[in-house]
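Each of the next two complexes has chain A plus one other chain: chain B in the first, chain C in the second.
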Partner chain A sequence: MAAAQATSRSSSLIAIIGDEDTVTGFLLAGVGNVDLRRKTNYLVVDNKTTVKAIEEAFKDFTNREDVAIVLISQYIANMIRYQIDSYNKPLPAILEIPSKDHPYDASQDSILSRVKHMFSADNAIRT
Partner chain B sequence: MLEDESNQKKLETEVWQCLDSVHHLLKRREILHQTLRQGWMELTSARYGMGPSRISSLLFSLKPHAPSSVVDIRVSPSDSTGRDSGVKLDNQPHGAALAFDLIRDKAGNDERPSVTNTGDSTESDKREPSSNPRRSTTVSTGWYLVYLEPFAYASCWSVGPLSRTDGEEKEVDEIERLIDDYSADSPDESSPAETPKEKAQPLYWFGTLVSPHLRSAQDSFSQALELIVEIVNAQTEVTHAHSNVLKLREAMTSEEN
Partner chain C sequence: MSGAGQRLNVVPTVTVLGVIKTRLVGATKGHQLLKKKSDALTMQFRSILRRIVQTKESMGDIMKSSAFSLTEAKYAAGDNIKYIVFENVEAASIKVRAKTDNVAGVKLPKFEHFSEGGETKNDLTGLARGGQQIQLCKSAFVKAVEVLVELASLQTSFLTLDEAIKTTNRRVNALENVVKPKLENTISYIKGELDELEREEFFRLKKVQAYKKKELEKQLIRNQQFADAEAAAAADGEHGGTVPGRKHKHHHSSQLIHGLSDRLHDLLSKDDDPDFLLVDVNVSNANPAMVSC
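Take a look at the complex of A and B:
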């Protein structure tokens, strides 16, 4: 059997892609990180932020080895839904969270929509 | 036939596991939503009390600092259903047997110090107050004297030693001693005025005196952070159970064919 080739990671970061209030709140909680090159683990999205910038930030955070969880507001995740649906790596874990102005919709969540599809009428479990 | 029955039982177990995980996940999400809503309301109240410009993303510190809340990842052992453990993180598409733990640095010190002495090192932040109390109280005044009165220092010498009074000579000696002491110091001493704990506290980015609503918002988002780690763990279980169900279904379908 495959031995534990997977190594555990310690002291990994939590990256955030959200609106100003969400990012401010989580930075107050102490997740903010700035390295020597002034590279941050968060992206504040406002009405001037382009979809390309969001895509690049998502790609950057998911490719970093020191990031364990990527928090992304669901309304921002909807802008890059194709990118999130095609993401299938175990780390970092992607978690869609609600925002102040956009409540969470479970039907749009990538993970829950896959599970829902499993229990749909077309894929009824045979007994 | 026996194999079909055992696969069927395994499939049912995995389906129940998946449904339980989804139920747990949705419950945690509801609590997270309430906690976040509380945090946003507190933040809005703080912004109303302090002013919109006092709580803004422009005030986020861009000085190198490490987070006080980080996540540890470990591979969980296999459970009674006999799922494989020690899964390769790179090859497994779904986060099988991964567990996330939130680690907080309550002391306020940087566990992964990414902060080095950069521009801030020019400030008087390299001394240990306990090593020389006299120095810690006289450094600032010494530098104050040197900074404010360099011309006075020069003028003392320009006048000439014979014309200096006893008071001026003592002052010059004091300044020379302070300069010699400071240049001999090691660069690893910390500032008595600004401790690393205060530097790392994000609350201080918004001012020394902040609204109690901002502190309440900090507490709410700290609770939300713990919920988020629980939700990520639940989500990992859901994806793991989901992948197991799909595998068992494929196995049963291939057997029937």
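Take a look at the complex of A and C:
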């Protein structure tokens, strides 16, 4: 019993903010979680969702203890870009994912652009 | 260079010099160690960079294929499958566990996904039609989650390492450019100050020696004069009647003076020995009393 508790405490959830299809897919895979207060670890964004609601959800997920990774569709991330750029904690990790209707643009990913920058600088030094 | 030309505010003594030297040794050692740590972190950082770029690229493909499989499932099972999926969410069956990796004293979080809890209601989704497509879609998304979890742990390591490297480099630079020059400046200051003290002491001794030499010469001249006067008096006494005792005394005192002047020459020829000189002064001080009696 104690061991089961320990594992449940050390294990964390993956939160998702995305369009309907993406969220459906991940829920199908078994990522979704609904707790006793009917609080979900995902947010479905459609054209009726306000930016404010997305901000609230992002803030909520990043401040939750049991969330280790926040997946966010890139076009939604672009809506709250300033908030993502100002977020600098290591945990939970923010991950931008491509969505079906919006092809992935690597240059917009805040972390990938930094990585690319350093990587190319590295290569330039080495060659 | 803000650290150049600065030094610690210390009293220039030999003890403090030893303390500062120990601190310099410590700073040098710490600098070496931190530099090694920084190198180790940078090595790890580079390998993570490469893996991030690779995984990000593969993530695009996997997301594309999983989105396509979802479309297939929708086509086979009908569009309202998503309502069933949303309704059936209860507890997460895929969760992540955070482990920490230790690289040169920097804790890197490392995520690991695992599935928990066997049967979920979603297993029965699509029982009516399109069940196989739904299962395929599910496994595609599970694969996507795997890649995403790996990417997340790489990304977190990237951020943590970046921060750690910055801190370490800042420390290395602070030691190299501020602490070490400061200590070196302090050491040279204390050494200079000690040398200065030594020179002052030497000069003082020289000065004392010269003074004593002068005093001794004065004494010699005075003695000579006294002896001359004595001799003149003796010559007078011989003219006007002799007193044998007195003559004897004269003889004695002039002998004494000769002895003294010999001694003085001796001393003057072997100077540079302050201790010896101290003894001499005692002799020369004692002499007038002897001469006068």
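Throughout what follows, the second predicted complex is superposed on the first by the 106 of 127 C-alpha atoms of A that agree within 3 Å, B and C clash if a C-alpha of one lies under 4 Å from a C-alpha of the other, contacts with A are read in each partner's own complex, and residues count from 1 in each chain.
Throughout what follows, contacts are C-beta pairs under 8 Å (C-beta built on N, C-alpha and C of every residue); 3 or more make two chains touch, one makes a residue touch a chain.
Keep in mind that this is a model prediction, so the values were computed, not measured.
> Kindly classify A:M118 by the partners it touches after superposition: chain B alone (first), chain C alone (second), both, or neither?
It touches chain B and chain C both.
> After the superposition on A, what does A:N47 contact: first (chain B), second (chain C), both or neither?
A:N47 contacts neither chain B nor chain C.
> Per the contact definition in the header, classify A:P98: touching chain B only (first), chain C only (second), both, or neither.
It touches chain B and chain C both.
> So in the superposed three-chain picture, is A:L36 touching just chain B, just chain C, both, or none of them (first/second/both/neither)?
first
> Which chain, chain B or chain C, is in touch with more residues of chain A?
B
> Mind working out whether A:S86 is in touch with chain B, chain C, both or neither, as first, second, both or neither?
Touch status of A:S86: no partner.
> Considering each complex separately, which residues of chain A are in contact with chain B in the first and with chain C in the second?
7, 10-14, 20-22, 24-34, 40-41, 68-69, 71, 88, 90-91, 93, 95, 97-98, 100, 104, 106, 111-112, 115, 118
> Okay, in this complex, where on chain A does chain C touch?
Per the stated touch rule, the residues are 7, 10-14, 20-22, 24-34, 40-41, 68-69, 71, 88, 90-91, 93, 95, 97-100, 104, 106, 109, 111-112, 115-116, 118-119, 122.
> Under the touch definition given earlier, write down the residues of chain B that touch chain A in their complex.
Contacts found on chain B: 11, 15, 18, 22, 25-26, 29, 32-33, 36, 39-40, 43-44, 55-57, 60-75, 84-90, 92-96, 98, 100, 103-105, 111-112, 114, 116, 118, 202-203, 214, 217-218, 220-222, 224-225, 228-229, 231-232, 235-236, 238-239, 242, 245-246, 249, 252.
> If we count contacts the way the header does, which residues on chain C are in touch with chain A in the complex?
Touching chain A: residues 46, 49-50, 52-53, 56, 59-60, 63-64, 66-67, 70-71, 81-82, 85-86, 89-98, 109, 111, 114-116, 120, 122, 125, 134, 137-138, 140-142, 144-145, 148-149, 151-153, 155-156, 158-160 of chain C.
> Within the complex, which stretch of chain A touches chain B?
Residues in contact with chain B: 1-14, 20-36, 38, 40-41, 44, 68-69, 71, 88-91, 93, 95, 97-98, 100, 103-104, 106, 111-112, 114-115, 118, 125-126.
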